[in-house]
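Think of it as A, B and C in the order they're written, each chain with its own count starting at 1.
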Amino acid sequence: MLLDVRGLKKVYEGRQRPVEAVRDLTFGLDVGDLVCLVGPSGCGKTTLLRCMAGLLTPTAGEVRLRDRPVTGPPPGMAVVFQEYGRSLFPWMNVRDNVALPLRNKGVARKPRQDLVAEALAAVGLADAHHAYPWQLSGGMQQRVAIARAVAYQPDVLLMDEPFAAVDAQTRADLEDLIRDLWRKLGVTILFVTHDIDEAVYLGQRVIILSSSPTVVREVLDVDLPDQRDQLTTRSDSRFTELRSHVYAQIQAAKRESTVGSHDAARPAGLAKQVLQ
Amino acid sequence: MTRILARLGLALALPAALFAAWWLGTAGSDNFYVPPLRDILIRFPEVWTWDRLRADVLPSLIRLAAGYTVAVLAGVLLGVLVGSGRRVRAVLEPVLEFFRAIPPPVLVPVIMLFAGIGDTMKVVVIAAGCVWPILLNTVEGVRAVDGVLADTCRSYGIAGPSRLWHLVLRSASPQIAAGMRQALSIGIILMVISEMFAASNGLGFTIVQFQRSFAIPDMWSGILLLGLLGLALSVLFRLVESRALAWYHGQRRAQRGPAR
Amino acid sequence: MLGLSGLAGVLLLVEILPYTAVVSADFLPPTHRIAVALGHEIADGGFWSALCDTLVAWAVGLTIAVVAGIVAGIVIGAVPLLRALTASTIEFLRPIPSVALIPLAVLLYGTKIESTLLLVVYASFWQVLIQVLYGVQDVDPVADETARSYGLGAWARVRYVLWPTALPYVMTGVRLAAAVALVLAITAELVIGAPGLGSRIAVAQSSNAVASMYALIVVTGLLGVAINLVARAVERFALSWHQSVRGEVLV
C-alpha cells in the first residue's frame, strides 16, 4: 500500500471544550489510484487532508507513505490547495512558480527546464511561461498549481477541493484535465471534494465520510468505464445511480449529525444510545 | 502624442502657476526676508557652484546614504528576527513602539554624547532615526505572510534560507518598501538637523550659515535646493520601488480592476 | 504580560550597562538616576509649562493642518479638473523636507511659538491631504451615480456619498498627522529654541545634565506613545461605526 491512513483522530483544543473533528479514519491508496473523498460540508475534510500532508499532527493514529510514518510534510507528496490565488507566489512568473520546488529539491538546470516545460504543456499552458499568476484567470492559476504539483513528480498528489472556487464551465475542463493527467502520467491522486457529481465523475473509488466527528461511512467502487467525458458519462444511467447512492448516504450522514447536534462535541453514536 | 502633451500640460499647469504667482507676488518686494524670486534664482547658480556642491552637498548625501543603508540592513534583519517568533514579538513590541514614538531629532544630543560631533555621529543619527519604521514595517510584513503560501512552502519542503528569500522577504517587501519610504524622509530631516547642530560642512550647515549672516536670497536658494533634493530622492525611490515591486502593483491593479 | 517583561528588561539593561565597561555612566546614566531626574522634572514648574507649550503647539498646529487638509482635499477631490491639476504639484511639494523651513521660521518668528506652528502645520498638512485625496478617489462611481440620479445636489453628494467614503482615510491621515506634528513640535523647539520640551532637552544637553536629558527624552517617547494610542482609539471608534454601516449596506 502506497498511502495508508490508520485510526486517524484529530481533536482540536477549543477555547471552552475540545472539538473532535476527525474520530477514526482508516483507508488506503495503492500506486496509480484516483480516489475521491466526499463528505458533508464541515465534516473535517480539510483537517484530514492537512494531517495526511504532514501539515497537522494527528491526535491519534498515523499516516504512512511507502511504509514510513508521516511526521512532517514528506518529500513524496504534493498538495494542490483550494485557494489558487494564494498558493502561487505572486512575485514569480508561471515558470519560476513551477520550478521553485524542483530547484529546492536540487534538480539540475536542464532536467528542471524540461520538467517545467512538460508539466506546463500537459496542463495546456505551454505559452504562459512568462506570465505572472495574477495576470491569469482563476482556472488558469489552478492549472499552474497543478503543473507545479505534477512537475514535482510526487508519489501522491493531494487535492483539497481544488475546483471549489472556479466557475462551472472551467470546472468541467479542469476535471477532464485531472482524468487526463492521471491516465497519461499514472500519478496517484487523492481528491477531496464536497461535490458529489465531481467525486463520482472523477474517482475510481469514492470514500464517503460521515459528519463531524468523522468516520468512513462507505467505500464505493465506481464501475464506470475508464474513458469518461462530461456528456456521455454524466448521462449514463449507472452514473446517476451511483450519484444518487452517494447523495443518499450524505443526506443520511447529515441527519444523524442533527440528531446529535444538541451538543456538537457529543459523538453521534452516544446520542443514539441516549435516545434509546 | 497629443494625449501625452495634454497630460504633461495638466501636470505642469499648477506648478507653473504657483511659480508665476511667487514671481509676480514678490517682484517688487522690499520685505528683507522675502526677496523677489528673481533675485533668488539669480543667486542660485552663483551660490551652488560645482565646488560648493562637492564640498557641501556631496558629504551630506554620503552621510545620508551610509546611515540609510545601515538602517535598511539592520531594520530588515531585526524585523525578520522579531517577526518570525511570536514570543519574541510579544516581548519586544511595546519596547519597539516606545522607541519609534521618540521624535528622532532628540537622538542628536544623545548620540553626540557617544559619538562626538564628527561624521560618525551624523551617520549614527540618521541610522538610528531611520531604523524604526523599517523595523516595525518588516515585523508587520513578516507576520502577515499568507497562510496558504506558507503551507505550500512546507509541503514542498521549502525551508531555511530558501524560505526566507523566496517567501518571507518577498511577501514582506511591499511593507518593507513602505517603511523605507517613511525612513527616507526621516533620513533627509536628520541629515539637515544633525548638520545644523554641529558641523563644518553640509547642506544644513550652509543654509544655517546663510541665515545667520542674513544672506537671505542665498538662504532661500538653499531651501530651494533642499526641496529639489527631497523631490529628486523621492522620484528616485519611486522609480526603484515600482520596478522592484512591479508584481505587487500589477496584482493590486488586477484585484481592483473587476471590482470597478 | 510578555510586553511588560520586555520593558522591564530594557530598564534593567540600562541600570546594569553603566556599571560595565561597555558604556560610561557619563553617557548613559543608570535607570535609577534617570528616574530620580524624572522626579525632579515632575516637581519643577518649568517642566510643566514646557510640556504645556509643546502640547499647545501640537494641538493648535494639528487642528489647523487637519481642517485645512480636509477642506483642501474635498475641494480638490470633488472637482475633477482640480484633481488633475494638483496631482503632480502635490507630488512636487510633499517631499520638500519640513526642516528646510527652519531658517525661514527663525527669521520670521524667532523663538516664538509661531516658529513651531509653521513647521507643525506644514508637515502634518500633507499627511491629511494625501489621505483625504485617496479617500475621495475611493468613492464608488455607482454610489455617486445613484445619488445623481436621485437629484442630490453637489453639497448633498459631498455630505452623504463622499464624506462617509473618505472618513476612514481621514482618520488614518489624522493619526499619521498627530504623530508627525509631535515630531515637528519637538524638533522645532530643539533646533530653534522655541519654548517647549525640545528646548528643555537642548538646555539639559548644553548644561551637561545628562540624566535630565534622558528623562525628558523618555517623556517625549511616552507622549508619542500616548498620542498614538489615543489616535488609534479614536480611529477604531470612527471606523467601527463606519464598517457596521457599510456591512448593513452590503448584506
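Going forward, contacts are C-beta pairs under 8 Å (C-beta built on N, C-alpha and C of every residue); 3 or more make two chains touch, one makes a residue touch a chain.
Computed from a predicted model, the values in this text were never measured in an experiment.
Following the contact convention of this document, no chain is adjacent to both chain A and chain B.
Ranked by separation of Cα centres from chain B, the top chain is A.
Averaging Cα coordinates per chain places chain A and chain B 48 Å apart.
For the pair chain B and chain C, the distance between mean C-alpha positions equals 17 Å. With centres set at the average Cα position, the gap from chain A to chain C is 51 Å.
Touching two or more other chains at once is no residue of chain C.
On chain C, the positions that touch chain B within their shared complex are 2-7, 9-10, 23, 26-28, 84-89, 91-92, 94-104, 106-108, 141, 179, 182-183, 186-187, 190-191, 198, 201-202, 205, 210, 213-214, 216-217, 220-225, 227-228. For chain A in complex with chain B, the residues that touch the partner chain are 50, 53-55, 72-73, 75, 77-79, 81, 83, 86-87, 89-92, 100-101, 104-105, 132, 134-135, 152. Note for the complex: chain B touches chain A at residues 146-149, 151-152, 154-158, 162, 166-167, 170-171, 173, 247-248, 250-251, 254-255.
Considering their complex, residues 10-15, 18, 33, 87, 90-95, 97-106, 108-110, 112-114, 185, 188-189, 192-193, 196-197, 204, 207-208, 210-211, 216, 219, 222-223, 226-227, 230-231, 233-234, 260 of chain B touch chain C.
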